[in-house]
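Per-chain numbering from 1; labels A, B and C assigned in written order.
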Amino acid sequence: MNPFVMFAFPFARHAFLAASFVAVAAGWIGFYVVLRGTAFAAHALPKVGFAGASGALLLGVNSLFGVSLYSAIAALGIGALAERDRRDVATALVLALGLGTGALFLSLGNLYAADAMSLLFGQVLGVSSSGVMETACVSAAAIALVVAFHRVLLFTTVAREAALVRGASNRTADWALLASLGLATSAMMPVVGALLSFSLLVGPALAARHLARRPWQAIAQSIALSLVITWLSLFLSFALGWPVGFFVACLSALAYAAARAISRALGRKAQAGAA
Amino acid sequence: MNPAISFRDLTVSYGSRTVFAHLTGEIRAGQFVGVLGPNGAGKSTLLKAIAGLVRPVAGAVEIDGKPVRRRNKAIGYVPQSVQLDEDVPLTGRDLVGLGLDGHRLGFPLPTKERREAIDAALAQVNALHLADRRIGRLSGGERQRLLIAQAVVSKPRVLLLDEPLNNLDLASTHQVVELVKRLAHEGQMAVLLVAHDVNPLIGRADEILYLANGRMAKGPLDDVLRPEVLSGLYGYPVEVLRAGGRVIVAAGAMDGHAHAVSAASPEASVMLP
Amino acid sequence: MTLGWIGEALASAPVQHALIAGTEIAFLSGLVGAFVMIRGQSFAGHVLTDVGTTGGAGAYLVGMNGWFGFLSFGVLASVGMELAGGRTRGERDLATGVVLSLALGFGALFLYLDAQLAHANASMAVLFGSLFTLDPALVPWISLTAAACLVAMLLIWRPLALASVNPDLARVRGVPVRAISIAFMVVLAVAVETDALVAGSLLATALIVGPAATAARFTASPLRAGLAGGLLGALLVAASVLLSYDSYTWLPQHTSWPVSFFVAAFTFFAYAIAAATHRVAFQRRAEVELP
């Protein structure tokens, strides 16, 4: 069957639309995640969000807003924890608790393994038409946060004390990014899945960093890459039936590797040219 | 006319440890003051207290006659060092621009004035050629100059530099001190530069602020760097050795000739004329 | 409160097997965990379980037992990691994450294919544990492997402690630091991948770091922390198994609560209580008592 036929179906159009919003948010916010190196939060939040999402499934609540609220709160909680205790142990255990609770909810709801799979690895058909609106709103809110704190995030990352003298607080920037991340991951989860959201968040931004020299360039490239990866993944997932997360992970890794190779090749050419 | 920086009875503690107590002094616009002293004396802490980053237990700091507070446009701060990834997507221009409006919300508008202000600051520190280079790929000295540009682009009244010379080679060290002197005199800024070694400052700094043992002495270099003054600060005999135009401060009298001013010197802050 | 249900639980063969395998591997994990903390290698644990997921899922595809899949990928990854000598920081942390996600992505693919090929429960088993559905024939193998690793750990304990805290001194004293590190990584891989049977690959690392970190709040000696952590872990797993068995009757819908949930909850609360009541006994390498 010609896979392009899928666009005749509303659910496929919805899925692509929602996924586009998600991709823009992931690419945009990923820039700051990579800038500040918050690998831990990027890994952790989707896993905690998984517990929230499976709890929502159990309660029959399908609202993205509910999961977003839960994720935003969880984000702040993780921020507080990461400051106080050795992140390796305490937070690893919190994550485990989150995942374990998610497993509990899944088994209590007598939900099939397919539900676990789609929450963890993403599913093409996960979005209804109201879901598109919700996804757009949540993504927009996440993006609005990092847009507002764009300069503060840059300044506090690069020269923390100088920024503080001017009134730009590193802690405020941290919280803003975490909250944004919480919102973004809850939007990403239905599409990419909890376990592989990290790829979409970090991969395009890492690739863009090697190719772009200035912040707005890096953001734009990250968004563009993220959109391409998401569309391709959705398309391939529909055509082959394999999980979306699989394609996202592969394409993100590919994009990163390609970006590094290109920048290295360009660097060598520049050196040769200068010599 | 209010001095650019003035502090009175300044006392800072970390927990139960008092870093320094009852420091009083002032620095006028256009003055370039080097801050010296042994490790752990509190030089960076003093700088941070003046910048409003550290809250004193007692005493007060005033900038231009007004109490210092966070979000102070009149202060330019050059941090000790910055940890940067090689691939950070920021150019020199971006970094300097943050000094202008990095505390504001949203994205910067690319107006002509903004661009001109940034170019002017880059020109001042002789770093125009670094404007479009990635900051992660620059040398220590180049980065230091950009950080200074970032601090002065908003034309502050006060410039504070926290150990800027630490990881620089000799040539860069002299370049940076020369630059700072120029900025102080031409820009009419009150400048405090924390350093470990007095030698690059000789002939360039207007005054020295020597911090030791929780007390300070401030004045022209030759007046402060004297055995009796420093011994008074330290509370034990200190030698000041001069050889070939260089100065070395050494603890402990070798031959007993250094006369220490009474160890319990009542003045915490000695101002020398 | 009647405890008769415990007797009933113990009479059931799956519970017996679960208890034997679970407590053995939990004990080993505690010992291993003490060193993971000293060596700061908890990230390695995550790498191993993520790669192990792919192995476990792939095993179901080819009709192999899940444990062998976990083990083979885990051991290969552990040796590979040790030989590659990675210390990660900053962008490399993130880049490593992207590569790991690639491995996990293949795991996702394998789990999907498993479901298509009628191993519908492969995903729950691989990700969240399969202790009660353990093939009884495996239990003696698990015991053997756990015992072998235990013996290995006790044999290399002293040189490992020295090599972890002060590798240069260890080399001077003739300790084969490289070989010992590889040996330790292999034991870690075995421990964490077998933990994946108990609590699933997503939660396996909790059994490695949790009990040992809890014990470390009370003692500065790695040996004592390891042994206490091992005992604590074994206790927690035993309680989890029993409660999971009993939970079938707790709610009207008659499903057992997963073992992994209890394991996660117990390890978290044990650590939280210990952390709230005791200052850290050993945290930095310099403070570790050498045996």
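In the analysis below, a residue touches a chain if its C-beta (ideal position, glycine included) is under 8 Å from a C-beta of that chain, and two chains touch if they have at least 3 such contacts.
This one's a predicted model, so the numbers in the text were calculated from it and none came from an experiment.
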Closest chain to global C-alpha mean, per-chain Cα centroids: A
Remotest chain, chain A as reference, centres from CA atoms: B
Geometric centre distance via CA averages, chain C-chain B, whole Å: 52
Centre-to-centre distance between chain C and chain A (centres being mean Cα positions), rounded to whole Å: 28
Rounded Å distance, chain A centre to chain B centre (Cα mean): 42
Per-residue overlap in chain B, given as positions that touch at least 2 other chains: 87
In chain C, residues with contacts to at least two other chains: 90-91
Chain A residues counted as touching two or more neighbouring chains: 209
Residue numbers on chain A that touch chain C, as the complex places them: 34, 37, 39, 42-43, 47, 85-86, 88-90, 92-94, 96-97, 99-101, 103-104, 106-108, 110, 112-114, 116-117, 120-121, 193, 195-196, 198-199, 202-203, 206, 209, 241-243, 245-250, 252-253, 256
Chain B to chain A touching residues, read off their complex: 48, 51-53, 70-73, 75-80, 82, 84, 87-91, 94-95, 98-99, 101-108, 132, 134-135, 147, 150-151, 162
Chain B-facing residues of chain A, complex: 35, 147-152, 154-155, 158-168, 208-210, 212-218
Chain C to chain A touching residues, read off their complex: 37, 40, 42-43, 90-91, 93-95, 97-99, 101-102, 104-106, 108-109, 111-112, 115-116, 120-124, 127-128, 199-200, 202-203, 205-206, 209-210, 213, 251, 253, 255-258, 260-265, 267-268, 271-272, 275, 283
